[in-house]
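Only one structure is covered here, and it is reproduced in the block below.
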Amino acid sequence: MATIIGGLTTSHIPAVGNAIAKKLYDDPYWKPFFDGYPAVHQWLADHKPDVAVVIYNDHGLAFFLDQMPTFAIGAAHEYQNADEGWGIPVMDPYPGYPELSWHIIEHMVEHEFDVTSCQELPVDHGFTVPMQLFWPDRGPDMPRVIPVSANTVQHPIPTLKRAYDFGRAMGDAIRAWPEDIKVVVLGTGGLSHQLDGERAGFINRDFDEMCMEKIVDDPVALTRIGRHELVEKAGAQGTEFLMWMMMRGALGDKVTKVTENYHIPISNTGAGTMVLESAA
Amino acid sequence: MATIIGGLTTSHIPAVGNAIAKKLYDDPYWKPFFDGYPAVHQWLADHKPDVAVVIYNDHGLAFFLDQMPTFAIGAAHEYQNADEGWGIPVMDPYPGYPELSWHIIEHMVEHEFDVTSCQELPVDHGFTVPMQLFWPDRGPDMPRVIPVSANTVQHPIPTLKRAYDFGRAMGDAIRAWPEDIKVVVLGTGGLSHQLDGERAGFINRDFDEMCMEKIVDDPVALTRIGRHELVEKAGAQGTEFLMWMMMRGALGDKVTKVTENYHIPISNTGAGTMVLESAA
Amino acid sequence: MEQAPFDHHVSIPGTTLFDGRQAMKGYQLNKMCYSFNDGDNRAAFKADPEAYMTKFKLTDPQKEAVRSLNVLKMIEAGGNIYYLAKLAGIFGLSVQDVGAQQTGMTTDEFKEKLLAAGRK
Amino acid sequence: MEQAPFDHHVSIPGTTLFDGRQAMKGYQLNKMCYSFNDGDNRAAFKADPEAYMTKFKLTDPQKEAVRSLNVLKMIEAGGNIYYLAKLAGIFGLSVQDVGAQQTGMTTDEFKEKLLAAGRK
């Protein structure tokens, strides 16, 4: 049977893509951020997951307001990035695992999650930046991917409780897959930031640190945060914390924190990185 | 507060559109079908609903497999039909009610239905044929519309229980709308038919009649039908009965049957028409 | 990593459930058929079916099924009837013609079968 | 039938929740900005912004906000920041330039404010 070995979190700020392209790892602005990743690389080298479920939020590439899904699950053979409006270079596609995607989709719909299945899905920086951060050389150990996206563009966004429950159901689905494979779940985006309005530039270290603490041992406490309270405390785009909740739900009740890093600011954002290992 | 006055059901076979265009009301093939509608017109003339929530399933116009939502709710100012591949003429758009759409979407997401919101939505024969059948002259009494679509193209489709619960939640949302308006809910599609495979042409009168009987007083019994059982008994495209279940959920526990009609065959289909009035 | 068995596929006689397994097989064929919502695309297909099929990267079994206008083979190759109906429309075939072809009847026989169901 | 009040809109200082009310107002503006994912569309906008805005049926307040490149006014006219960011990109504006404009600072002041948050 498939095993979920753990979860990784990271912010997925577009500027990180540029910094990687320019190899700014030791630049004083970037060093405190990139210093969080060698410990993740070590954990990945030790555990070598076969599949990565990448939970992210589309920022206006794959989905527009004409058809805005609450939860979408990729079911394609491969996933390609595309121009998001700034002439971003097109990368090699990321190989998918559609058989496992469909297994998850079957389970989710059976358990009353009303997902949108995506047999073709261009992926944006929310997906590619985490992949670049965790598997910078795209070597043979890079896992096959299943992108999962939640709506943070158009209110109403899903509740934190629904996001967590979505993750729990998805974790059950993965663990019921008959192959002996190792799966890692990525929760990407956040932490606190706000791009729009007179409050642009809002960052909330206390709230971010509380979230990073609670998500380890008491994620259920976080499900009680209201959606508007989340906007108020994490900033308008800090709602991306929903992706972390989905990831956390998939890991099971008990997890161990392997490593973490938090740094303000990267671009407009409080950036958090974690490795959470699932109990065997 | 808004009142749900009742529900209408009808098949939405494309051939009906042609028959209407050619005014075949008294043609021997069509008469037993069209004879079911004057009683509906009378009921509508008596009750004059302000808004029609039109539950239908898209057949490959608005949605493709790249992004296939389980449940989608229109939130546009108007809805236009479009060429579905056979050069269907473009009609005048149907005026929407986006404020009420958003109210429903807010309620559904809050209550853990993971809907896809559609601020632009081309509507196909699944939507237009029922509108033509119920409001043939598009007069001033034609209600504003909110299209709601469920996936019957790509398995996994939603369960009958989920469809019914979706309707119940949507009914709660509508009844919580502060305006004194009258709302009618349309459940369109079905009944038994199968277009594909060696079993093409399969029709099941007994099953259809059982569904038309139970949906009045015991819809919960129908929620126990499995999805594959539904395919087996209603035919591959008879899964459109999900729309009837969504409609029925919205009406509340007690309804009265005002009129019904059932006729085999229209095209490949067992065609059912009903008016169910909600208890005051 | 080997491809794992896909557990959700069920069997109903004469019926191919369009589930994930079929969807994975049929994506390009269905995508081509979906494009026929547009009249210009229908014209482009009619003008040069082979080029149009190649543009949409159809597999050989899909191309062969389209060339022979064989609906059961299209379904076997992953086609979904809702999209295939748009292709059938290009050739002037109704859902009853399509039903007749799949069940090995003439269209009149197929229609009579449906009328008989109404008399029961 | 009068338009009913829309109950789900909440107020957070300095923040416009992009909910149904905003979405109804902003659809055409957001649709135009979404089109900028395509380089050809960006070029077409740059070549003739007025014609491009008219093609997407922007309202007068939306057109005026775009002409003056005023992000707060775009938001007021129903713009969503994720789509507006694509418009800003055409003018070479980063999210920090956009943040500075909205908060009445220079970009350097805005960046310093963010660095200061890191020192707390």
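For reference, chains read A, B, C and D in written order, and residue numbers begin at 1 within each chain.
Note that in this section contacts are C-beta pairs under 8 Å (C-beta built on N, C-alpha and C of every residue); 3 or more make two chains touch, one makes a residue touch a chain.
Chain labels with UniProt names: A, B, C, D = Protocatechuate 3,4-dioxygenase.
Bear in mind the structure is a predicted one, so any value in this text is a computation, not a measurement.
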| item | value |
| --- | --- |
| Interface with more contacting C-beta pairs, comparing B-D to B-C | B-C |
| Centroid spacing, where centroids are CA-atom means, of chain C and chain D in whole angstrom | 44 |
| Chain centre separation in whole Å, for chain B relative to chain A (CA means) | 37 |
| Centroid spacing, where centroids are CA-atom means, of chain B and chain C in whole angstrom | 25 |
| Two or more partner chains touched - positions in chain A | 65-66, 105-106, 119-120, 154, 156 |
| Set of chain D residues in contact with two or more other chains | 8, 19-20, 23, 27, 31 |
| Chain pairs that touch, as defined at the top of this document | A-B, A-C, A-D, B-C, B-D |
| Contact footprint of chain A on chain B as seen in their complex | 62-63, 65-72, 105-106, 109-110, 112-121, 154, 156-159, 162, 165-166 |
| Parts of chain A lying in touch with chain D, wherever the complex brings them together | 59-61, 64-66, 82-87, 153-156, 194-203, 205, 228, 231-232, 236-237, 263-265, 267-268, 270 |
| Contact footprint of chain C on chain A as seen in their complex | 50, 75, 77, 98-103, 105-106, 119-120, 144, 177-179, 181 |
| In the complex with chain B, residue positions of chain C that touch it | 8, 10, 12-20, 23, 27, 30-31, 33-34, 36-39, 42, 71-72, 75, 80-86, 89-90, 95-96, 98-99, 102-103, 110, 113-115, 117-118, 120 |
| In the complex with chain B, residue positions of chain D that touch it | 1-8, 19-21, 23-24, 27, 31 |
